[in-house]
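One chain, chain A, links the two complexes that follow: it is found with chain B in the first and with chain C in the second.
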Partner chain A sequence: MEIERRLLKKEALAGLVEKINAAGRKVHAPVCEGARVEFAPIDSIAEADLGYVQTTQSAKNLLFPRVERILSFKRRGGAMETADPDLSALPETVVLGMHPCDAAAIGSLGAIFTWDTQDAFFKARLEKLTVVGLSCAAGDEYCFCASVGLGPGSTEGSDILLTRLASGDFLAEIVTAKGKALVELAPELFLPAPAGADKDSALARIEKSFTREEAGERAKARFDDDALWDGQALRCLGCGACAYVCPTCACFDIQDEGTTSRGVRLRCWDSCGFPAFTIHTSGHNPREEQGARWRQRLMHKFSYMPERQDVFGCVGCGRCSRACPVDMNIKEHLIDLLEAKS
Partner chain B sequence: MSDANVYKPSVMRIEKITEEAPGVKTFRLLFNDPEEGRRFSFKAGQFGEYSVFGEGECTFCIASSPTREGYIECTFRQAGRVTSALFELEEGDTIGFRGPYGNTFPIEEWKGKNLLFIAGGIALPPMRCLIWNCLDRRDWFRDVTILYGARTVADLVYKRELEEWAARPDVKIVTTVDPGGETPEWKGKVGFVPTVLEGMAPSSENTIAIVCGPPIMIKFTFIALDKAGFKPDAIFTTLENRMKCGIGKCGRCNVGPVFVCKDGPVFTYAQIKDLPAEY
Partner chain C sequence: MDELRKKARALLEAGEVRVVIGYGGGTGDRARAIFVREPERADELIFDGRCRQNLAIYLTRREVKELGKPAIVATLPALKTVLQLAGEFQIAEGGLVVLAPGADGSLIEFKTFADIEKYLAGAASPIDPAEQAEMDRVRAMSPDERWKYWLGQISRCIKCYACRQACPMCYCPRCTVECNQPQWIPVPSHELGNLEWNVMRAMHLAGRCVDCGDCSRACPVGIPLYLLNRVLIGDIESNFHQRAGMKAEVDYALSTFHPDDRENFIR
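For the complex of A and B:
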């Protein structure tokens, strides 16, 4: 559908949250928690911090929970009975104030969960989620959305994208049918957009250091350059923090909890950066060195995903670099990869 | 739920347990729900996720032949959490199973050819499925040769079947154990699989070689086959990267652009040469 432009007055945001809540939907928004900002459920707009640069955790938890029940089982008499979780009970949810990188990340996650076999858990959550994005007025030195085909005002993945204009009011771009349905909850708040509303001047300036295609080709070309990968990963601890905060990382483990008579089967976030991720039962490990694991992380996002799922697996949010305890910086490493002579 | 829960296993009953070797058992499994059993079909090379409820899932190939309908079999070595729990089970107990997953050996394309099966250790299960499948279609193929090796005589699995195959006039079978693994009664060869293979001087003419075994055996067997003139696309093997989902999502089995669980586990040597050596 063609994008429709409306004006949402700054004081109208509170009313919008009230209307959404009144319609029985949950609202999640960035909330200040001490030194960090994280997505959390809110009852009123006063709880939200819309001036944030980046949350520590991404909002992927809403679509792909850190720990999710995929089965429950119970022995009754001699027989084992299994049951699916009840996904019909999931609440309709609106995430408000998500930046464009995170909104675009939903497409990458979705590609993994639906490229082949359809993952009912992800799909049920996605169906109930409406994304009201918020353009970025400021970035920091870790952001590189412009280098991965996005930008501080891209509409990709948002159902509605808000941009705060110089006046403090919001330009609302209604991108999808889901966005339109949300407007219907409070149509009186969405005023006609003034003809001269200038979105571009309200956006952060994010430098474009490379293209994602270049990064992918270069990583592939230098695949066998062990010195490069081992050098970059020399200080990596294999702690997995980068994968946990990443909005597109989708590797998971499956584990049982309970007893052999009654319990649940869970899927939990995992990381290709952990040494045990690939270890065979014999003890043989196909990716023995941290350099090979770091290379896997980059190759998967910049080469394998585009090749197999037709999407890139990095949206340039910079979270992995901010979270890394030893200052691995994906943007700097990608620049290094592009510059280094082979 | 509009889409089915792809992680939900079928419940299967252990009909029969065979002790194959120290720490190695074969389960014959029947679907608890006969209707599920009737709908189920698979092909040689495919695998499944087997689970002990409360302990977790693990990956085994289906070791019985698709030509033997009505049940499936798996052969496994006791190794860690789930396999140890499986090891404790008795006939009549139930387990979970989801599958079949993965690609298959292109048996139809091998019609009119000689087949050379080369297996090492516990890697006979995927091969056993294929061997029975081919023997049940024996008239499709010309010479059938099996080379099977294990560390010691005690570690050889499927001993009854090895005898059955040896008794057939239309199968040539060579068994070997690693040096030091032989017993006074041992009548087979003594030596590592790749060395014994070289001694057999197999002809590559119109022949498909299928190799399953530990990574180190596979590596040296490829070299021996290469020397014997086998073309990379006439050599088949299975990769056994660690798996969880079995359906191309969890990322664990990803090697280069390939998901071993979806694009494999069956690969030709030609395909493997194009992959990063992360298997």
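For the complex of A and C:
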């Protein structure tokens, strides 16, 4: 579908949220929580903070919750009965004000969850999610969307992309049929866009330091360079902060809880940074050192995912670097990788 | 800083240590841990108010241990950690060089753990006023309010274990949360899993926590873990007259049995 351009007056955003709520959909938006901004449900636009640079956590919880029940089981007589969760009960949700990196990340997550097995849970959530993106007027030293094929105004992954123009009003680019359906909830708010609406000058300037293809090739070429990976990862603590705040990290762990007569099966986030991530029952761990785990993180995003799923696993949001307790800066490490002599 | 760099360079040149674990510049105005292995890189070392990470975390990390004998640039909490780790038999005298730079550019090299003990006995450990204010606020709550406060805080935990991984006293290669036969602590980050995890983390550090604050600083969602730690530090102090990190020999309150221990609490 061809992108349609409309104008959404700054005052109209409040009305849009009301209309969405009135239609029985939940709205999630960036909300200021003390020193952090996080995605949270809102009832009115006044609760949202649309001037944020980046939330601490991504919104992936909406599609891939950190704990999700995927099965219940109960013993009845001699047999075990299982029941699937009722996915039709999931609410229609709109996420409003998500930056372009996060919107694009939905495609990367989706590529994993629909690679071979079609993940019913992810797909059901995705079907009910509409993304109203918000272009970035400002970035910080951690952002590198421009180096991974995106940019502060990219429409990829958004159903509607809003860009705040110099006037304070929003240019609304309606990208998908879902976006169109959302407009239908309040068509009177979406005015014709002025011909000269200048999107580009409203966008942050994010420098392009490399291309993701180069980064992937380089990582692959240096796979055996233990000194490089070990050196980069020496200060890494092996926690899950980077993976858990990342909008594209999809690793999970399955846990059964309950007794032998009744219980639930839960899907929980996991992280390749953890020392026990790939440990075998024999005790052998193919990624014994943090350097090998760090390499896995970069390789998965820049080499394995492009090879297998034809998408990249990093959208340059910079969250992992901001959240890392020891300042492991992924952008800097990727640049090092490109510059390192072979 | 000059003193520190000079010392680091000399130690590396003389082969007295193989690595200097110190601070260097990081992203923006952050400082980060650096591992200086070549004498000519000693000038990358910095020391100022941004240098807060407790570098003693790296003394027990296998990847760092493999580099050989270290010198460590130690802040006050790191000095305490060195003693506590020694008391728990994780490091030995002579196995490392401890360098404590002062804010005025001076440098103390500690030759023995006893010297660190002496130094710490006379050093004040100021508490951040904002943290103290939060402590007072939470203490003033009714038990019911406080329970709600903690449920609210803990429900935000995403179980990334950054608090554990950042903690120099959490050096167990296999944490209780990773023991699954039986499963002591639920793995999922749901209400019970989060609660049990956070209570367990705090309890396993009771009497051992040196109050460096790294767990709180590491927590990506900003849960004030220091509150739990400090209450336990206070309880251990008033009940057992012990404070972690003050001595290189540990008579650990919660795991040492004395024949004359009072048992009147067992009913």
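Just so we're on the same page, the second predicted complex is superposed on the first by the 342 of 342 C-alpha atoms of A that agree within 3 Å, B and C clash if a C-alpha of one lies under 4 Å from a C-alpha of the other, contacts with A are read in each partner's own complex, and residues count from 1 in each chain.
Here, a residue touches a chain if its C-beta (ideal position, glycine included) is under 8 Å from a C-beta of that chain, and two chains touch if they have at least 3 such contacts.
In this text the structure is predicted, and so the values were computed from the model without any measurement.
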item: Partner chain(s) touched by A:P275 [first = chain B, second = chain C, both, neither]; value: second
item: Touched partner set for A:G34, first chain B, second chain C, both or neither; value: second
item: Partner chain(s) touched by A:E332 [first = chain B, second = chain C, both, neither]; value: second
item: First, second, both or neither for A:I3, with chain B first and chain C second; value: neither
item: Touching partner for A:A227 - first (chain B), second (chain C), both, neither; value: neither
item: Chain B versus chain C as contact partner of A:D253, first or second or both or neither; value: both
item: Chain B versus chain C, judged by how many residues of chain A each one touches; value: B
item: Those residues of chain A which chain B touches in one complex and chain C touches in the other; value: 253, 255
item: Of chain B, residues touching chain A in the complex; value: 1-9, 11, 32, 51-57, 77, 79-80, 85, 94, 96, 214-215, 240-242, 244-245, 247-252, 254-257, 259, 262, 276-279
item: Residue numbers on chain A that touch chain C, as the complex places them; value: 34-36, 56-57, 66-67, 141-142, 230, 233-235, 237-241, 243-245, 253, 255, 257, 266, 268-269, 271, 274-276, 289-291, 321, 323, 325-327, 329, 332
item: Contact footprint of chain A on chain C as seen in their complex; value: 26-28, 30-35, 53, 57-58, 61-64, 158-162, 164-166, 173-174, 178, 186-190, 193, 214, 217-218, 220-222
item: Parts of chain A lying in touch with chain B, wherever the complex brings them together; value: 70-71, 73, 75, 79-80, 82, 84, 87-88, 112-113, 115-121, 123-124, 223, 250-256, 258-263, 265, 267, 270, 272, 277-282, 284, 286-287, 292, 296, 299-300, 303-304, 307-308
